[in-house]
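The same chain A turns up in both complexes below, where it pairs with chain B and then with chain C.
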Partner chain A sequence: MSETNGHQEKKRLTNPPKTIEFRVSRREKLGAAQYTETFEIPYRKSLNVISALIEIRKNPVTKEGKQTTPPVWSMSCLEQVCGTCTMVINGRVRQSCSALIDDLLLASGGNKITLEPMSKFPNVRDLQVDRTKMFDHLKQVHAWVELDGTHSLGPGPTMTQEVQQERYAYSRCMTCGCCLEACPQYHDDNYIGPQAIAQAKLFNMHPTGKADIDARLEGLVGDDGITNCGNAQNCVQVCPMSIPLTRAIYETNRDVTINALFGWLRK
Partner chain B sequence: MAIKISKTFLMRKLHQITGIVPLGTFYFVHLFTNSKSMSGDQVFNDSVADIHHIPYLLFVEIGGIFLPLLFHSIYGIFISAEARNNVSNYGYGRNWFYVFQRVTGIFLFFFLIFHLANLRFGLIPGLESYGNPVAGNADRAFAIVAAEFKNIWILIFYILGVTATAWHLAYGFFLFAVDWGIVIGEKAQRYALYGSVGLSILLSIVGINAAVAFIEPCGLLPRAFCEQVEKNEIVKPQKF
Partner chain C sequence: MATSNRLKIAVVGGGLAGLAATLKIAEAGHDVDLLSVVPVKRSHSVCAQGGINGAVNTKGEGDSPFKHFDDTVYGGDFLANQPPVQKMCEMAPDIIYLFDRMGVPFSRTKEGLLDFRRFGGTLHHRTAFAGASTGQQLLYALDEQVRRFESEGKVDKYEGWEMLSLVLDDHQVCRGLIAMNLQTLELKAFNADAVIMATGGPGLIFGKSTNSMVCTGSAVSACYQQGAKYANGEFIQVHPTSIPGEDKLRLMSESARGEGGRVWVPRNPKDTRTAKDIPEADRRYFLEEKYPAYGNLVPRDIATREIFQVCIEGHGVNGENQVYLDLTHIPAETLDRKLGAILEIYEMFVGDDPRHVPMRIFPGVHYSMGGLWVDFDQKTNIPGLFAAGECDYSIHGANRLGANSLVSCVYGGFVAAPSAIDYAKNVERGNSESNGIHESELKKQQQINLDLISQSGGENQYKLHDEMGKWMTDNVTVVRYNDRLKATDEKLLELQDRFKRISINDSNLWATQAVPHARQLKNMLELARVITLGALARDESRGAHYKPDFPDRNDEKFMKTTIDEWSSESPILSYEAVDFGLIEPRKRDYSKGTKKEEGKQSTETLEIASQAAASGLPVKDGAEQISEAGYDQKPENLSGAKIWSQKKGELIDPETEAETRAEQGKDIDAAGGKQTDER
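On to the complex of A and B.
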């Protein structure tokens, strides 16, 4: 990629295929059998996965000509900040709103695109999953700042620019689930995962949030806490918000280790 | 406030500690002894005899090697069983290393069973060590191993074992450093990783050379590098 004046010329799809084939994972409801259906739509410029799914939904007929139900998925912001539309596209987890069809075709060199739901969450229907687990994890690590009173206590302590910047990086998490989906250690809720660890870090760095450091650590050292991290470091590679997840994990590792080694000496 | 430590936390940390401290130490001692094969059978046999003279040998062997090894390998298999490997979709370097650590671990589990049964206990029929293992037969130690390594498959198996151990230990140092929160930053981790890879290559070469030295004096190095000691000659330190 050549870089000139900050402008990056992107590789573009020059000779697009006539049609695009979508292999979509289907499931009628939670616990029902999963199967795949293939749909074909004509190529159009500037499609993304969501607009292609909307196209399919207009006329839910499979490639073989079978009338079927329209595929179901979740979406909301359509600009990669809500995390709702996350799914596994061509084997890789990402947001479907920002997955441009041209880029996908360019990368795969063919005209086929597979869409699957994330595999680490309960699959509610078709491409829709239930990410409640991630919010439970936030509760487990006390990922908030306690209200400090019912009356005004004046301005809180100031944060240095440095801390602000680091916290800003962590604060961008949209609870999308990419990091958990790509993690080879995360399954069956045996490990809390990078997202909650990073959020614990975010609130540990807050001047008022510091008061609850121990409560957060408590949520992290349990059997299903931070310990099961296997250092594959996929999380930091797939995080769409470029959150320094491994830094959060290893800094927390240090806190936990120091606590385990020396904590009892304070008894 | 002291935080309550969970069972998983304790087991994981114990797994890492056993890998680094007793097993890592033993590995270096073992590699040192093996490398004496470069100077021929007298030197090697003498050092096997030295090992036999370690005080409290039985306790050292059981407490310092067998128990940590048993724990490390069995818990390691549990850890490997937990993995949902996904390198085909997420083929990042560290993800591959994550898989290698588990693959080498499982390979070493079988390799070490064979190695112990073979040279430590002499239980593998058809091999030179059958009924008379290296342990307890210091005067024949070199000859037993040399006879076994004449079989190219045995030699290859041992070379694979040596290489896998070198990688597993060297990357184990990296994992230990990140898991205990010693090496945190991205750059620091990159350097630590280079160090680990370098160490694994070095240890592999030393290990392979020691193995080859059983069938080829001085191993892969020219003979001038090694002091070849004739049988029954008394080894005197050279004066400088």
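On to the complex of A and C.
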């Protein structure tokens, strides 16, 4: 099926199973024991994980025929721009809205799909987690521009297209948590992680934001700071927005070093 | 609280409007309780892609806030009160500059200045944009600024809290609200000097829409049931091409039709063959058959109505609500070059490669022009209650223009905040805490939860929601008939009755979705009646509201705002005069476009027409034209062949659109953006 432009048509699921089996990780509440329940729904084309969960929620009966509680998960935009519905699907962290059943079945070769909550955050219930910590990290690195006020003061500083494009790439981060979930260094909140480092980079690049570079870097030099990065580079592979996270870490680490060596000269 | 000069204002909703209001209040030195069902960074504003309008006039085109104002009023089919629209358009350039200072990565010119693009059918470069995710970028900028105030202790965020009701005193003055923690189901009374509603639209009333899953309109409906007036509820914008999903509808850019996409269905809806195995003779290109001159490139509202009609009559693909939008006859490399980004999105969510398999599309409910009634200071009729953003009715009249939603959200928030502060400073505070009104409202709401949890009757709330969505989508969206509207209202009454017999299907109440959803559903049913009965009463066609039995706009009778007030029986309908003192409503002569000779109907012209159709923006007669090198504007084009959509105030001017298309493509590439849909 190759085309003139070298485009390859995607491999399609040609022989779909009659039913799909979902092994859903369950937890009644924070701190309760985790267990797994299996649900079965008839195969249909163009299902994604969210639609399957919506169907299961309507009438939650396990494969064994046991009436149970509906699985709980989080969702909002379903267009992969809000980050809400992130979970671990067949062992890989991603947004469940863009996880198509056909693709999952094709990759696994069977009819089973496992759904688990992200493991690095408090597990509120079932597939729902609490990512408040990530928003705290943004406070820690002063991820904002210090404005004089919201009154009318004319346009902001000029910026080249190159800088704008680089900033745009970082600015697409939706705080979904994939990078932290995949990071082998991150556990028990011991490391501020790629998300916050990339956001520090985003504002350090801004002509006005630059003024607060010290405050931002300070947020990155504590025990949970940037040096915890073990260079596994998992983050950049799982990022759904293709943010150059490893570059942000590398470049920001360099800024931290320079600041540590020569920062006192400016004081 | 009463001893301090610091006020406490509760803001409900953390999208653009809510964050804009929060920012202004915190900056003025007052305290904010900010409530949101999701972390505010995950609000529905992230979904907007296209851009934000503001007549900054950096391209030497003579654009002005007045022209923006005129376009907005005209596009809204003269149903909006004009003064706030004018104010918004005057504020718009400053709003864009403010976002620029906050660090929004707006696309730039070579000189490093803000770049603006012409959006769809508009004549001016008026739309600032950040790649193809402008809403996301603007929301993040406000989120960052609010986080700054939060870290200084001036804003208390309550994320994961859903508002259930207002706290009103004996004089119907709003003194705060009751909200529910979605994790613990704990109810809490929030005492506030004023409350600002900024909860967005009610798309979920239609089951599936382009809205996020949090856009239920539930909190607004609660206000309505407590006495807030709801205005113009019947005006619901439907986008012609969305990608049907089992979970939601996602937008598909109409540039696909512009590039030669053909819309068709199998002649036999029961045809089980795959699309490419169905020969030409067995395909029904219904737009091309009915509109030989413009074919697939009829204006947006016509396309919406025709696609809708075909499906409602059971002729959709597989008998379902979907038609083919076929690009497979175009070489893949051409498609990649012209439509790459949007085809990737289709592929991501559908899994089919539209280069080889025809896309399946269907019109999707997109935006509510109606909402809480507010005056020109964003005050509702309940003292102490304000509203801003999509949840208020004030700006867009009968039809919203692309790239106007983001600016209207920020404008609403920026007006509501000082207005609420001003009100709160002057209002007699009384001792509402001590006289127990918060506590009694809290108990009332707790009792509702207890009743819901204990009741049983076998009805499934999710199935009721599906039924409501289907009835509303089938009968109260694109094409409206009075008999069907009546039947829909009867159905809604039936659903309200059955709602009393739902059983909560979750015995674990910790973080359950069942109780919040049940409460949302009850509120959605109330608003569904407002939308349906408003449509039933409005015997005309205007903007997004189209009745084949009343195909004309009737200014004499209906250039009026619909007002709904809740009663236990039925909404009480009345009408309020529209303030049109600034721009006189123009009689529109919808002369149909002259048919072009077939041979001359080049692809270029066709794609242009489609782009205009996609825009939803009117190009009005007599508007000042841009003068730009290489832009060959012939004088006769100003009043020459243009295609008016019959009733919606959309005009297609093929000639003026050529450059728009090119410009958009270029700019989006430069920004590294992906998709060019307007929102």
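Rule of thumb we're sticking to: the second predicted complex is superposed on the first by the 247 of 267 C-alpha atoms of A that agree within 3 Å, B and C clash if a C-alpha of one lies under 4 Å from a C-alpha of the other, contacts with A are read in each partner's own complex, and residues count from 1 in each chain.
The rule is short, and it goes like this: a contact is a pair of C-beta atoms (placed from the backbone, for glycine too) under 8 Å apart; a residue touches a chain by one contact, two chains touch by 3 or more.
This is a predicted model, so every value here is computed, not measured.
Enquirer: Scan A:206 for contacts with chain B and chain C and give back first, second, both or neither.
Expert: In the superposition, A:206 touches chain C alone.
Enquirer: With both complexes superposed on chain A, which partner does A:257 reach: first (chain B), second (chain C), both or neither?
Expert: first
Enquirer: In the overlaid three-chain picture, which partner chain does A:230 touch, first (chain B) or second (chain C), both, or neither?
Expert: Touch status of A:230: first partner only.
Enquirer: Would you sort A:156 into first (chain B), second (chain C), both or neither based on which partner it touches?
Expert: second
Enquirer: For A:217, select first, second, both or neither according to whether it touches chain B, chain C, the two together, or no partner.
Expert: first
Enquirer: Could you look at A:138 and tell me whether it touches chain B, chain C, both or neither (first, second, both, neither)?
Expert: The answer is second: A:138 touches chain C but not chain B.
Enquirer: So, A:36: does it touch chain B (first), chain C (second), both, or neither?
Expert: neither
Enquirer: Which chain makes contact with more of the residues of chain A, chain B or else chain C?
Expert: Partner touching more chain A residues in the overlay: C.
Enquirer: Under the stated contact criterion, what part of chain A meets chain C in this complex?
Expert: Residues 1, 3-5, 7, 9-10, 12, 28-29, 44, 46-48, 50-51, 54, 57-60, 69-70, 72, 74-84, 97-98, 100, 102-103, 124-125, 128, 131-132, 135, 138-139, 142-147, 149-150, 152-156, 158-161, 164-165, 167-169, 171-172, 174-175, 202-203, 206, 208-209 of chain A touch chain C in their complex.
Enquirer: Okay, in this complex, where on chain C does chain A touch?
Expert: 23-24, 27, 38-39, 41-44, 46-47, 94, 97-98, 100-114, 130-131, 133, 136-137, 140, 144-145, 147-148, 150-151, 159, 183, 212-214, 245-248, 250, 331-333, 336, 347-351, 353, 355-356, 414, 460, 462-463, 505-508, 510-514, 670-673
Enquirer: Please output the residues of chain B touching chain A within their complex, sorted ascending.
Expert: By the definition above, chain B touches chain A via 1-9, 12-13, 79, 82-86, 88-90, 92, 94-95, 97-98, 175, 178-186, 189.
Enquirer: What part of chain A is in contact with chain B in the complex they form?
Expert: Contact set of chain A toward chain B: 91-92, 182, 184-185, 187, 190, 214, 217-218, 221-225, 227-234, 237-238, 244, 246-247, 250-260, 263-264, 266-267.
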